[in-house]
Amino acid sequence: MNKIVKNAQEAIRGINDGMTLMVGGFGLCGIPENCISALVKLGARNLTCISNNAGVDDFGLGLLLQNKQIKKMISSYVGENEEFERQMLSGELEVDLIPQGSLAERCRAGGAGIPAFFTPAGYGTEVADGKEVRVFNGKPHILESALTADFALVKAWKGDQNGNLIFKGTARNFNPVMAMAGKITIAEVEHLVEPGQLDPNFIHIPGIFVQRIFEGVHYEKRIEQRTVRQRI
Amino acid sequence: MNKIVKNAQEAIRGINDGMTLMVGGFGLCGIPENCISALVKLGARNLTCISNNAGVDDFGLGLLLQNKQIKKMISSYVGENEEFERQMLSGELEVDLIPQGSLAERCRAGGAGIPAFFTPAGYGTEVADGKEVRVFNGKPHILESALTADFALVKAWKGDQNGNLIFKGTARNFNPVMAMAGKITIAEVEHLVEPGQLDPNFIHIPGIFVQRIFEGVHYEKRIEQRTVRQRI
Amino acid sequence: MLDRNGIARRIAQELRNGWYVNLGIGIPTLVANYIPEGISVEFQSENGLLGMGPFPYEGEEDADLINAGKQTVTMLPGGSIFDSSMSFAMIRGQHIQLTVLGAMEVADNGDIANWKIPGKMVKGMGGAMDLVASADRIIVAMSHTNRKGHSKLLPACSLPLTGVKCVKRVVTNLAVLDVTPNDGFMLVERAPGVSIREIQDATAGRLIVNGDIPEMKM
Amino acid sequence: MLDRNGIARRIAQELRNGWYVNLGIGIPTLVANYIPEGISVEFQSENGLLGMGPFPYEGEEDADLINAGKQTVTMLPGGSIFDSSMSFAMIRGQHIQLTVLGAMEVADNGDIANWKIPGKMVKGMGGAMDLVASADRIIVAMSHTNRKGHSKLLPACSLPLTGVKCVKRVVTNLAVLDVTPNDGFMLVERAPGVSIREIQDATAGRLIVNGDIPEMKM
């Protein structure tokens, strides 16, 4: 079952204007750098992007924003991006802000065939506007619905031709649940290994969720908040 | 954060008559053998057991059934146990049968603070009796609620004093979701290792879900259907 | 007329390259023995593995590696292990392309009953209700009639249902039949040496016979 | 009067052995620097790690290991990594014993506002709404008044809410206050050198002062 494609350009074939994309990563950690670059070249427009954050001005999803390819962002936190702010305040960009846990669970639900679930997060806030409220065990909850996407773009550490994925450190974050929720999931990996090299007991995302996979190049892995302590 | 207890007897302290227990395993694969033996000795009665299966007559949960400690079973399949059949047909034992996927998801939901979710499984069958039906994307779904337990008894391959767990092969099955859903989760492991010996990137269940842990002894790991092929 | 292996072999012809497949207990399990040449599929077992291989050689059984029928199995390279909630996320989320399972009754609207006989010991539905409620492509493998000679392809199921309007195709010892949305079973192929008349006699549900019905190519 | 580090130090006294703790950005992050001796707690970062250690030494930063504030961090032995849905399963499922976060406003019924100022750029709520809707024990760390000198402890929040009736305790530069279910803020401790009068003047919400109010022991 060989899902390997040559590179990012080949991997993103079929992404068209107006589509909905999920993009893995938390801040700039664990983002699909190669796919984002290829998308900038491809130029598909009016995209709806579901991603926890929106990158920074000159990296990550910020590159798509600068290129005005994004019509709508669905995120939990978007604070690190001036171009984002400009487009949002000018009304060019629609923004749907979602509690981070609800965002993660809505993606998982989309991948797991669960169309809706109740969560306490956001009850009594504007997030609950228009949503059904129900009390369980004396506590009010709101009904949240599943999210899916035409394409999910995820980044993993290692992968094989079957699409099995292993992530590294906190670069895991939203990548697994988005891999589950994409109608077509594209995985870019730092190391594409031979079949059988990954221990089946330690696969983070089974290959069944991945349709295309390739080994990415030139990972920059930019650090947003380099924070260190002094050696004593 | 040391959660180590000496043995099964110490681990199950506090399990009282009438409590609800989750017990990991699929068939006899991945069952908490030590905890079950200790429970037989403890003799707590009128237990409600949530477990995918009910063991066989002389092993697994079958031991608790023979000892008449179980009042109610919540399972997806209970076909391998004559004493079970006798107690069920005589009305001594209550049985609640649940689709396997709904059982797994209801446990996960219990651990994840999701009180209810919609699933298509069981729509139009007696499983749906009395449950809310709602159509999503043209397909009817039923509302299922979360399951939790006073104690969850799970079996892992390796664990550390923080309660981090790693499972082996298909002995994983229901153990992770039940570990999440127990108010008190007891993990018995084949190998209790030193802190730091488990790679944080490959923990199946983070220690936060585990309150007590011990290294089990004398694992029998009985095989229900030994099936082999001939060497050519 | 086909035997159990013949039914499995015919169903194996339905496999397409790259599919993920869940096989139920009984005849469906045998399908894995007849994968056509050039076709690569991966088998999912709902207790938590993908890439299930053949049974182990004697002496190599691993108590920690079983399938949903509790049989000892092996893994193929590229397989993976996961917990029960992830397993049914795959199933419910329609990431499995084909589900093959047995049945006691199939109705001509696609309803299926395969888990409970009132008055008899009920063993439970296991994962069957999740599978039939989720998969887009569900094939039932079963004998056309039961031990008493009564048809198992009915106008309506008499037994408690496992799922509603979900079966797409039925492969029996006598025939291949598709379930049409409104008109009942549509005869697609006859088993070798079986006449249309025999199939009609053994089918209690509505049966559509359109033109010549070819014999299966095995 | 306490500075930011003083507030963090006072909150650190709330830690109990064996607790799992989520610290928000800002003052809450500083709490990790003041864990009392003999107390062992584990810090969760909602982007997916448990057992967060100190910042790395220069040159040892790992781009693949950050906290929820996007800062480079380290892991302690016994830690674990997980995905975002598992992380919020821990939070929503109340497996975290203590959440400490900042706020722009707290109402005397426990409502909190900390994510949005109408007319200003909205950055988003991140994980704050999940945290406050879930945790049993929520402590807010903030200054008692804002830059204009207006009280941040109010009869009702004026800003869009993050969560309702969820804050249990507030630790400010002036005082420790508990939120009572029906009667407003209950003054528990005064910061060193701060009078009850000063606290009353800086608190716009209902304030209960019962008897002698001790000074914090730092």
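We call the chains A, B, C and D, going by the order they appear; numbering starts again at 1 in every chain.
Assume a contact is a pair of C-beta atoms (placed from the backbone, for glycine too) under 8 Å apart; a residue touches a chain by one contact, two chains touch by 3 or more.
Not measured: the values here are computed from a predicted model.
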item: Touching both chain C and chain D (chains); value: A, B
item: Farthest chain (mean CA position) relative to chain C; value: D
item: CA centroid of chain A to CA centroid of chain C, Å; value: 36
item: Separation of mean Cα positions, chain C and chain B [Å, integer]; value: 28
item: Residue numbers of chain A (touch at least two other chains); value: 105, 108, 112-114, 119-120, 167-169, 201
item: Residues of chain D touching at least two other chains; value: 49, 81-82, 85, 88, 91-92, 134
item: Category of the chain touch graph - line, ring, star, complete, other; value: other
item: Chain pairs in mutual contact under the definition given at the outset; value: A-B, A-C, A-D, B-C, B-D
item: Parts of chain A lying in touch with chain B, wherever the complex brings them together; value: 105, 109, 112-120, 134, 136-137, 141, 145, 166-169, 201-202
item: Contact set on chain B toward chain D in their complex; value: 1, 108, 110-114, 160-162, 164, 180, 195-196, 200-201, 203, 206-209
item: Residues of chain D touching chain A in the complex; value: 45-49, 54-73, 81-85, 87-88, 91-92, 111, 121-130, 133-134, 160-164
item: Contact footprint of chain B on chain D as seen in their complex; value: 18, 20, 40-42, 44, 49-51, 75, 77-82, 85-86, 88-96, 134
item: Interface residues, chain A side, partner chain D - complex; value: 26-30, 52, 75-80, 85, 88-89, 95, 97, 99-105, 107-108, 119-127, 157, 167-177, 204, 221-231
